[in-house]
Every structure is written in structure tokens, then in C-alpha cells.
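In what follows, chain A forms one complex with chain B and a second complex with chain C.
Then we have the complex of A and B:
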């Protein structure tokens, strides 16, 4: 029986190690079996952008705005609360959309023309830089600047940082001002910031953004800037386009053909 | 040893004991109703095993949320190889259409109030 005590201790030590490692190993093998994947129909790009052909845009048309706001459950606040309105895509006159006046002597027909403005999904977005909780982030795969509403603490740093006014804060419970809701998309809650998401949820099922699909004039074109054959690159190859406040260095990805 | 003011101390102790144990007396004989979530009849298993869902559904939903919101994939394949759309309104509500009869049962019992439905809608979507 020489050495049996030593052997017993060795065996006991190994057993304890085995018992300790077993749950880790089984959970690891379990985790490996779960996978996440995208819809095969999803639109994939690496640098999404939009071209707005202002000359095609009709002055009194609200189709894109309505489609976006209905599709994303964006509340329409009553007139007395307009200073706190929620907007994802909206109309702005030239001198407000382009305060640096990149075009001198703009043709008169454009002076009071509504320009479609939305989040520019910047290449280096200032809103992402200031967000203390990383609630807003630039998606690595396709460059869309997105919001994780779950993480937003409502500090509104992003609203101060965004030079385009593309972000709105929910001062009121949005469901109070929604006549009907689109059940496929969540609403927001009081106390979070929201903005255009370039229809990430539509791209994920293979659809173009709601505003692009809603525009009967074809004034809005969506595509991948990294793809030389994309619709946006074709337009930008033929016509020169301006961007909002490009001199700030944010690298806006909404192009305006005038 | 002589204990002064025996009556007063005794009465004080008694009052203290009564007040201290009041919650027990108050709730005696009134067993709170255990949660009774209504389970779907046409499905036998959830996204994962029942035991896993009972203990870890919040972790699963958290993972789904992170994947969908931050990275983009919309589908989840479980340990048995079955594929699900990662959606609270579209997938979970498919089998558990009434929040009050399912989620609220245990959440109210355990006194937890997750804020899922502050934003997510309880009516099922068309897609």
C-alpha cells in the first residue's frame, strides 16, 4: 500500500479540476452550437449613401416624410409642442440647410424650395464621439450611424454635437401622439433621443429605405459608395453634388444634386 | 439581582415583538397566488429548452438585442438547429400573444418590471 495516500491525493486533485472544468466546457460547447445569421435577401453594402436630386423634388409633396414617420412610429406633435417636434426626415430651405452658401446666386426657383434633410450618416460622426454610453454608434459593416435606444440615457450630448440638427429628444411619451402604430417597428419612450436609421430594419429584409421607395419622382437614390456601379456612384459620376457643411470634416453621406 | 420597572420593560418588549412580527401576522393564512403563466398548446418547446428559458430568457433576449441592434443579424439558430427571427414582437408573441397571461404572471410575482413594452408593441406585426 506504499504510495496509496499520494495516489489518492493526485486522483482527488484531478477530480476537483475535472469537476471545475466540466461546466465551463459544456457551456462552451453549447454556446458554439448557437449561431446568428442575416436574412439572405438583406441588402449589403460597405458605405451606404443617398443622393437627393432637388430638381425632381415636388414642393408640396410629403410622401417621403409620411412614409418614414409612419413606418418608424415617429409621433406628430400638436402645434403648441412644435418646438420639441420629432423628425427623422424633414424639409429645410436652402439657406438653412446650407448656411455657408456653397452656391452664390442660387437660381430663384430654389430659394424657397424644400430641401430634404435627414441624418447624414457621417464618416466621422460627432454624435458618436460624444455619446457617453455608446448608445449611438457607427456600424462597422456598412457605416450607418445607429442608435441603441436601450442604452440612451437622454443626456442630449449628441444633439449638441450634431451640426445638422438631425436628432430629436422625446420630451413627451410618444405613444400619446401616435394615431396608429406600425407593429413591425418599436416606438420610443420618453427621455431618449432618436434620429434616422437609414432604414437598417428595411435593408435587413432586402428593401430600400422607406423614403426612397415612397418617392414617386425618383428624387431619392440610395446605394453603396464603395461600389463603382451603384446608382449613387453613377449619378455622382455625371453630376456634381454638394453636401451639408462638408467643411466641418464630418464627412456627410447625403449628396444634393441641384 | 433586582430588575427595576419589570412591568414597563416587559410591556415594551411585548410591543416591540408584536410590531416586529406584524408582517408575519398580517400575511398569515394568506398564501400569495403562485404565478400561473398560460403556455401555448400548439408548441412543445420554446426557442431553447424550458429549463433554460425559465432561468435565462433575459440573457437570451439581451443577446438577441445586442446582435440585432448593434451588429445586424436577424436570425438565431438554437442548439437543436432550428432557426428563429430574433424579434420580441414577431417571435415571442407568436406563441405568447398575451403579455398579461404570460410575462406579467411571473414578473409581478417576483416584483420585477422590465421596460420591454415601453417601446416594443404588444400587437403582433405583419412581417
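Then we have the complex of A and C:
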């Protein structure tokens, strides 16, 4: 009796080991088989940035916002839920985009001019610093601050940390408020944070960001700060630009030419 | 000893049933929140933390205040605390459990909670907060249980608990310091971006926690045969008095720096809380009530210290508790998030489901507190008999 019990335990132990090892082995072989090559057309840079030429922006135009929000399945919440809205790129007036008012006696034509605001893809992003799961991270290759929607636990620490209000939380099931779904970009579920991803998925297939392509006035210019011949560097070499809350040391990468 | 938490008088059963009912209501409200999303709360894009995280902040303080009994008794051998030190440790346990539950119900994806451990991220203060809260819970569970068991068997506690007790002293300070660091290191939030955040937290904690303990000790004395001792209560009263005075002093230090420097991103939050901003000011009466109650508490407690009177003391303790609860439970979040970094004013008013969930969690805490206190007091009554 004693012997048979011991044998049974041995057998049971071995089979548990086997069960544990089997998926590990199969997944290891799968990982070895699946390798992905980067798209040769992909836009590559090491320090992506954007210049917003505010004077070119048209007052009632929503093209960049629509292109971004439709392309990324950003839901449009009904008017009674506006305090819970989700925004990747949106308009603010000067005094809200720059509450510390770095320009005194701002020319009158800019008083009610829309200022495009979006994630600044900071050099030193506070949101990444506070995230307890690394669900939001700064991509080493090009500096884009990205989100892993599947890892986010929805603690919203990043929203408290972001000094630009660039992060949105899915307070409700977002798919209920999507008229059309773009099948090439994932939708989200309730309970996770999201924000502008500098169109990482577009860059990967060789396209400029959706907002940049949508702007007929050419008010949005995208490029690599590390490349002295890039469009953004050319503009910054000619015109002075201001950045939002640069004094906080976050190193914002959206430049505003006024 | 656990059996002592199960059997009791009719009043005990009635109380536990009442708490169970509140927990049930809270759970239904939580299921509703889980189903529809956190949009069922009053929180918003601009005010992304609310009642839940505020309660976490307040209760961490109550838990940390156990050190105000542990330190005098174990480090300074202040004998009068011998009988009630267990009440402090057993208060810390349910408050820590409440803290963690408040974090859990605040998560958008509670089922992914373990991601905090799967992907440990030492640069996140939330990671450290979860770590130190758990550590303090385990410490208090071990220390409280072992010392009570030894007391029951009329033997000295085993030697190996001593180091744990000494460790629990700085650990108590750490839990509230780390909780303050959640806020005090965020670059864009002027109301929180101040080095005095942790000292303010600790001083309000050492006022609120012991004042709750005084009320609990008086309650225990009235309804059981266990007397925590009038001298112990008076010493606690002194601790509360010092702590609330220091807390108000720290508050005015902050007010000076903010208003004398005149930096708008720091000033606007105080303006919103105490005077209103852009026509919004839901919390003006609460904030003034908190400040005035705090000041009144100082007068009452100082008077009580000169002419000890437990009825006056209770009034002082209630004032302290309410003043510090409003300051941390309402002011902390609303002041921090309003106005937003873009200087928009979005007001936050908790919704009914949110309040029911919070009440449910408090009921969980009180259930555990009642059970633990019942065990401790039964052991003490047994020893006297």
C-alpha cells in the first residue's frame, strides 16, 4: 500500500512536470519560427517631433482631429458625458494651452485661434515614470511614448502625472460610441487609458501621421529632430517656437510657431 | 482565539448583520460599476481620482498612527500603553485592508491587478505604496496576534517578535511618506508639488488616528468589562493635541509659501477650494468648516489638557477627526485636480454608487475591526476573571 502510494505520487509529479513543460516547449519552438522583418518602407527616425504653425490653422477646421479620431477608433461621447470624453488631439485656446502665458500682449488674431494640443512625447515623460506596470513606455528607437492597452490596469496614475492633460480614460465601454470602426487599428475596452501614439502604426508602413496628412494648410509638420535636414529642424532654424510647460523639464516635442 | 470573533451577544450579532447589509449594498453597487465602467462615478477626464483614492490616503494615516502606541510602549517602556497597544495594532489591520480595497475598486481593470507584481516597476511610487502597505499589514498581523496569544497564555512574547516590533516603527512612517510621494512628485500639480506634503500627512495622521483610538477606547470601556485606563487615554489626548497643532502649523506654512510667492499654478488650487474659481466652489463650506473645526479642536484640547474632562475630550477628538477627514478625504483630491493643468475647472461630485461602494468598504473595515477588538477584549476579560 505504502509503495503504491509512493509510485502514484512519483507518477503524478512527473506528469505535472510534463504538463508544465509542454506549453513552454511548444511556445519556444513557435517563437523561434516567427520572426518579423521591419517594413522596408517604414519611416525611421530617432527623435520624432512636430511643429505646429498656429497662424496657418483655420478657425473652424476639424480635419486633423477627425482624421486622427476616426483612424484610431476614438469614440465620440454624447453631450451629457463630455466630462468623460476621449481626446488624442484637440483644440485649446492660447490661455489654456499655455496657462503660464509666456507671451504678453498676444496679437489679437491669436486670441481665439485654435491651438492643436496632443501628447508631447516628452523626453522625460512623467506618465512613464509613474506607471506601475510599464504599460506606458518610451520607445527607445524613436522616442515615441506608447501604450500597451492590454497591460494597463486603469489606475490612472499617468493621468495625474501628465502636465498636459493628454491622457484619456475609458470611463465607459468605448465601442458603444463608435459609429464606424477602422479594422486596421484596435478598439479599446472600458477601464484603460489611451492617448496619441504619434501614429506609430502609420510610421511603421511608411506614412506620415494622420493629422499631418489631413491638414490642407500644412500647419502640422512632422520630422526627426536628430536629422539637421528634416522639415522640423529647417523650420526651427528659421522661426522661434515655444513649447508647453517646458519649465517642468519634461522635454516636450511639440513646437508651436506663433 | 478566532472563535471569540464568532460568538457574542444579541447586540453584537445585530451590529454585524447591519455591517453585512452595508457590505452587500456596496457589493451590488460595485458590480454595477464593474459592468458599466468607472463612468458611474463622478470622476472625469480632469478629476481622474476621487473619493476612493482620497479614502486610501486618509486611512493610510489612521493605520500609520498605531506607531503612536507602539513607540512609547516598546521603545520608551511607557507602561500605561501596555493594555491598549493591541487596540492600535488591531486598528491598523482593518484600515490597511480598507486601503487596499479602495485601490482595487478604483482600478479600471481590477482583474489585471497582479500586473503590478508581474511587471514590478521600482520607478513607480504606486508600486512602492502597494509594497509598504502589504508589509505593514503583515507586520501588524504577526505582532498583534503573537503578543495577544502570549498575553492569553500569561507568558512573555517570543524574542523573535521584538525586531519586528522595532521594524514596524519606521515602517509606519514609511507607509504615509510613500503615500505622500504618490502626489508630491508630479510636476504639473501645484497643489501637491510641495515637500511639506509628507509631514502634513504624518501630522494629520497622528492627530486623526489617536483621536479615533480615544473614541474607540471609551466605547470599549463603556460596553465591555475591559478598561483601557484613564491615563492611557489622557496620554493619547496629549499626542492628538500636539499633532493637530503641528498639522495646522504646517498648513499655514504651505499657505504662506503659496500666497507670498504668488505663483498662479500653486495659488489657484487654494483659491478654488477656499474661495471658488470661475464661479465654481462646491467645497468652499467644507474647507472652511475643516479649518475652523481644526482651530476649535486646538482650543478644546488645550483646555482639556489643563482640566482633564473626558466629555470635553470626546468633542475635541470628533472635531479633529472631521477636520482631518475633510482636509484629506475631500480637499486633497479636489484641490489637486481643480483647476486642471490647462486651467479648466471641472468639478467633482461623488455619485450615489460611488458613495455606496465607499460605505461598503468602510463596513468591511468595521467588521474586521469589530472581530479583532472582540478577540482582544475577550482575552483581556478572561485574564481578569
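In this section, the second predicted complex is superposed on the first by the 224 of 258 C-alpha atoms of A that agree within 3 Å, B and C clash if a C-alpha of one lies under 4 Å from a C-alpha of the other, contacts with A are read in each partner's own complex, and residues count from 1 in each chain.
Please note the rule applied: a contact is a pair of C-beta atoms (placed from the backbone, for glycine too) under 8 Å apart; a residue touches a chain by one contact, two chains touch by 3 or more.
These numbers were taken from a predicted model, which means no experiment stands behind them.
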Which superposed partner A:47 touches (first chain B, second chain C, both, neither): neither
First (chain B), second (chain C), both or neither touched by A:168: second
First (chain B), second (chain C), both or neither touched by A:153: second
Touch count on chain A, higher of chain B and chain C: C
Chain B versus chain C as contact partner of A:34, first or second or both or neither: first
Which superposed partner A:234 touches (first chain B, second chain C, both, neither): neither
Sites on chain B touched by chain A in the complex: 65, 67, 69-79, 86, 89-90, 115, 118-121, 123-127
Of chain A, residues touching chain B in the complex: 30, 33-39, 42, 137, 139, 141, 146, 148-150, 181-184, 186-189, 200, 204-205
Sites on chain C touched by chain A in the complex: 36-39, 43-46, 48-49, 103, 106-110, 112-113, 115-116, 118-119, 121, 123-127, 130, 182-183, 186-189, 264-265, 336-337, 340-344, 346
Chain C-touching residues of chain A, taken from the complex the two chains share: 81, 83-87, 92, 95-97, 99-100, 117, 126, 129-135, 151-157, 159-165, 168-173, 190-193, 245, 248-250
